[in-house]
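Handing you a structure now.
A, B and C label the chains in the order they appear, each numbered from 1.
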Amino acid sequence: MTDLRSQNGLSRRGLLKGATALGAAGLILSASVRRAMAEPKRGGILRVAFASGNTTDSLDPATWDSQFVQCFNVARNATLTEIASDGSLVGEIAESWEASADAATWTLKIRSGVTFHSGKTLTADDVVASLNYHRGEESKSAAKPLVDPITDIKAEGDTVVVTLSGGNADFPFIVADYHLVILPSSEGKIDPMTTDGCGAYVLDSFEPGVSVKMSRNPNYWKTDRGWFDGIEALAIVDSAARQNALITGEVDVIDSVDLNTVTLLQRAPGLVILPVAGNQHYVFVMDTRATPFSDNNVRQALKYGIDRQELVDKILQGYGSIGNDIPMGAQQPYYNTELEQKTYDPDKAKFYLKEAGMDSLSVQLSVADSAFAGAVDAGVLYSERAAAAGINIEVVREPSDGYWDNVWMKKPFCASYWGGRPTPDLMFSTAYSGGAPWNESFWDNARFNELLIAARSELDDDKRRAMYWEMQDLLANQGGTVIPMFASYVMAHTDKVGVPEVVGANQGMDGLRAFERWWFV
Amino acid sequence: MSVIWTMIAKRLGLGVLTLFVISVIIFGATELLPGDLAQNILGQSATPETVAAFRKELGLDLPAYTRYFNWLFGALQGDFGTSLANKRPIADLIATRLGNTLFLALYAAAISVPLSLLLGILAALYRNSIFDRTVNAMALSSISFPEFFVAYILIFVLAQSGLFPSMSRMDATVGFGEALYRTFLPALTLTLVVTAHMMRMTRAAIINLLASPYIEMARLKGMKPMRVILKHALPNALAPIITVVALNLAYLVTGVVVVEVVFVYPGLGQLMVDSVSKRDFPVVQAVALIFAAAYVLLNLTADVLSTLSNPRLIHRK
Amino acid sequence: MTILINLFWIAVAIAVALGAGWLFRAATIALTRGATARMLRTAPLTAGFGMLVILIYVVVALFAPLIAPYAEREVVGAQFLPWDATHLLGTDNLGRDMLTRLIYGARNTVGIAFATTALAFTMGSILGLLAATVGGWLDQILSRIVDILMAIPSLIFSLLLLTIFGTSVTTLILVIATIDSTRVFRLARSVALNIVVMDYIEAARLRGEGLWRLITREILPNALAPLVAEFGLRFCFVFLAISALSFLGVGIQPPTADWGSMVRENAALITFGDVTPLLPAGAIALLTVAVNFVVDWMLHRASGLKE
């Protein structure tokens, strides 16, 4: 009961915030956020150990695939907009922005007086070149699908005018993506391998897969950010080694705590576990084109055959919450609070199997721990519980290596994860609209697709909400994705590190911005 | 002696051939691995168009044999190219890591080889005694634990108390003494992992000879047991011992990726595994060839020494 | 103080182990007659203990379903339950009974390790002895192939092969056995090289003995000791290989219990002083020590030493 209430409370607050954020363009940091960040002070070298980081990492923004590269590059650079700690949108390089009535043309005013580390002043041309790098036929950028709707982009004085192929009220959220950092350009092109940037920290050295050293940018334009004198980020892939480095005081922060041992880590003196409930969710996804998953009754049976609470307890050690097959966190705007929460119910699962004309069902579930931490174990638990409903799930552990191109979207039933998106439109159009490149369940629901486009340019909030609620209903009861759990980002730091009261939940490490937002007490 | 020189020349020639074959095998295997660099870098974010553009930029759309020969042509001129993933010259990527790998291997070898020979000889001398049994049981237990587990235990015992650092981070500023201190735990882990094998082979090879008539004779002449072993048994037991030592030295150079991961030590193993997982073929090739060359050289040394230790092999009819 | 207590318990454990070994030896001597009994009488206590342990493992492996209190994959409660009367060794990270997992682990792990080692030795020693005896081009070809295979780091090579061929138990056994057999080949060849230059081999050749007879009758018996010693070690290296492979994400399919993966799954607990991972690791260590104690005894017998 308590749980439900707090979810409602959160979502109401989220709705209001979302409405302001979307309605009024160009919000500045709200007063409450400022207060939460009170009394930080300058100084010290922050040492952070990351669970990711690979010897093949590069400076090219098209390829930033792990939290290690994302974090240090965001600290080195800046994006047009920034998702604030509370999930609302604030300006960064873009001082303000406004949309045309159909939300298809956006004019962004570029902040003046921002300089790169090299001394060059940031101009609208740099913005155009930086975004163009990810666009077009030749683009090899992971962010290409994000900027694909842009049909034209041009600099006009100190503004940048972006034309989209259709109306999109969420466009300012898109340019907050970490790939879309602004780099210095010359003759309309950026050098993707440049070490230059306009962020809080200057890159001193970068050894791929080993470490990064940065020092504070003395000319940084934000006065309330970038408190450390320097940053040292280390790649420590082994979770036990990472935790030991924290325990023995060789690092100050670790970005991802091994949940199997989190209770033991908690006992170590002087350490703080920092869980942040966000939109990151772990999923089991079915190919809705393939038998038996093409039958919605089978999909429903599989959704009732999973013990969500057990997964949260045993895989997440309680650092998370149960999911309702909707890819949105309960605190997000437009979250459907009236949808019935699915629970583990073997009888209902059996009922749906019978509806599908089956007594029992045998399927293979492909998993690997590269899909999400604990995916193999989660699959084993799923299989154990589903057996009670006459569903025989054979768990197949696939090699972690190459999971995303050999298994994901190839095998009919497999594990996957999503970091979540700040708005429902971004999440739905990325992974659930018919024909989208990352529609992992290949679900193609006419009504859903129609609502998605309508809601995108709908500026009346009540109507928009009604549409998003109906879409969530469709997803939960007809979609091909089982979303059993939302996983918190669980970090840990020593008690010498100061952390704002509200920590960004859109991605790990305070929305990738811990380097500029945190401080030493 | 000329037999030895012919053998060395022949084996070096064969070594070059081996390296060539290995480069073909490694290339073939990376080709057979599902997925390529473009897909693996983009991971979950890959779309068909971006993957195609990525491939084109890196020349991955060329046929496999063209890419192989382009690489081979460069390599023969001493140019190993740049990493496909981060565009850095491979020579730069490898240089410091190779140094680190060799340093750790030599460090571990300097402890483990004398230690295992000594323990092996003593165990053979006092065979079946309490000493023999204890040394054996301890050596066997230490290799029954996986490397990472041994490493964790050492971290728990020696690093959490603050005696040694749990991470062996290396950079250019670290002096020799400091480097020895920082890499003590990984070197100790590796010592525990390889000692048992060499020590038991030493013991077995010596004991195997103790019933030979010439040993019997030496003993009947009243020679001291230790002297019998050192003077008569050991020289004839050297061949299998040298073989096993060479195998373990090769392992110390090429097989320590797990220890590198746990102690955050920037060596070649980590580079190889990362590059394999991202299909960064030129880097995989370069590291594989270094590993192979190390192996070939150690092997050759072992064979030369074995041959020298047995005059019958030199004068083989 | 804790060190002294630990030492005391270690001493007790050794005494109990030797006592059990003595009882077991006495029992087997009483139960057998003739040559077997005479042979057993020469066994040292450690070998008796080793045989007892191996016997227990084999029994546990064979009758796992009868001995284990729960089913192999059954989730019986919350995770990481402490040791108590219902769950003697507590539960694992998913709430499965630890004792049950260990018992089934014996079956899977020992089975796989034995199959792999046997296969590796058959391939490796036959080819190695053949290469040494025949010499010439056969030796050259086989040695070069083995050189090439060995020059590729084994862990990375098996990772490559398993990614290409998939990770069923059969491929796992074949891949590890192939890679292991190259090591056996080299050892067998190098030992045999020393033997084939002996006068009695020369004599046998002059007698006109066939190749097969030469290898099995003259060379193998004299090369057996180092090979047997190697067998004892290779056997336990298989556990380690599986464990290291599961460290890198390929290994035995869940929910099958095997010790190598169990060590991997729980390993991080040891850095907090929790002894859980010592259970599967200890099971491996005990078996390794036991096997090698028996091997030592056989080695001693093979050497022909009387004392």
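In this section, contacts are C-beta pairs under 8 Å (C-beta built on N, C-alpha and C of every residue); 3 or more make two chains touch, one makes a residue touch a chain.
A quick note: this is a predicted structure, and the numbers were derived from the prediction, not measured.
J.: Look at the interfaces A-C and B-C and say which one is made up of more C-beta pairs in contact.
T.: Between B-C and A-C, contacts are more numerous in B-C.
J.: Select the chain whose centre, defined as the mean of its C-alpha atoms, is least distant from the mean of all protein C-alpha atoms.
T.: Of all chains shown, the one whose C-alpha centre lies nearest the global C-alpha mean is B.
J.: Between subunit A and subunit B, what is the separation of their C-alpha centroids in Å?
T.: 41
J.: Can you check how far apart subunit A and subunit C are, centre to centre, with Cα atoms defining each centre and the answer in Å?
T.: Taking the mean C-alpha position of each chain, the two centres sit 47 Å apart.
J.: Where the centres are mean C-alpha positions, what is the separation of subunit B from subunit C, in Å?
T.: Centre separation, subunit B to subunit C: 22 Å.
J.: Give me the residue numbers in subunit B that touch at least two other chains, ranges are fine.
T.: Only 33-34, 148, 152, 155, 160, 276 qualify.
J.: In subunit C, what residues contact two or more other chains?
T.: 159, 163, 248, 267-268, 271-272
J.: Could you tell me which residues belong to subunit A and also touch two or more other chains?
T.: Expected reply: 240, 244, 401-402.
J.: Quick one: which bits of subunit C touch subunit B in the complex? Just the residue numbers, please.
T.: Those residues of subunit C that touch subunit B are 44, 46, 144, 147-148, 150-156, 159-161, 163-164, 183, 186-187, 190-191, 193-194, 197, 225-226, 229-230, 232-233, 236-237, 239-240, 243-244, 247-248, 260, 263-264, 267-268, 270-273, 277, 281, 284-285, 287-289, 292-293, 296, 299-300, 302-305.
J.: How about subunit B: which of its residues touch subunit A in the complex?
T.: Its residues touching subunit A are 33-35, 38-51, 53-54, 57, 83, 85-88, 93, 148, 152, 155, 159-160, 162, 165-167, 169, 261-264, 266, 270-271, 274-278, 280, 283.
J.: Name, in rising order, each residue of subunit A that touches subunit C in their complex.
T.: Contact set of subunit A toward subunit C: 239-240, 243-244, 258, 260-261, 264-265, 267, 313-314, 368-370, 376-377, 379-381, 383-384, 395-397, 399-402.
J.: Under the stated contact criterion, what part of subunit C meets subunit A in this complex?
T.: The touching residues are 73-75, 78-79, 93-95, 159, 162-163, 167, 248-251, 253-255, 265, 267-269, 271-272, 274.
J.: For the complex, which residues does subunit A have touching subunit B?
T.: Of all residues in subunit A, those touching subunit B are 54-60, 63, 65, 137-145, 193, 207-211, 234-238, 240-241, 244-245, 247-248, 250, 401-402, 404-406, 408, 416, 437-438.
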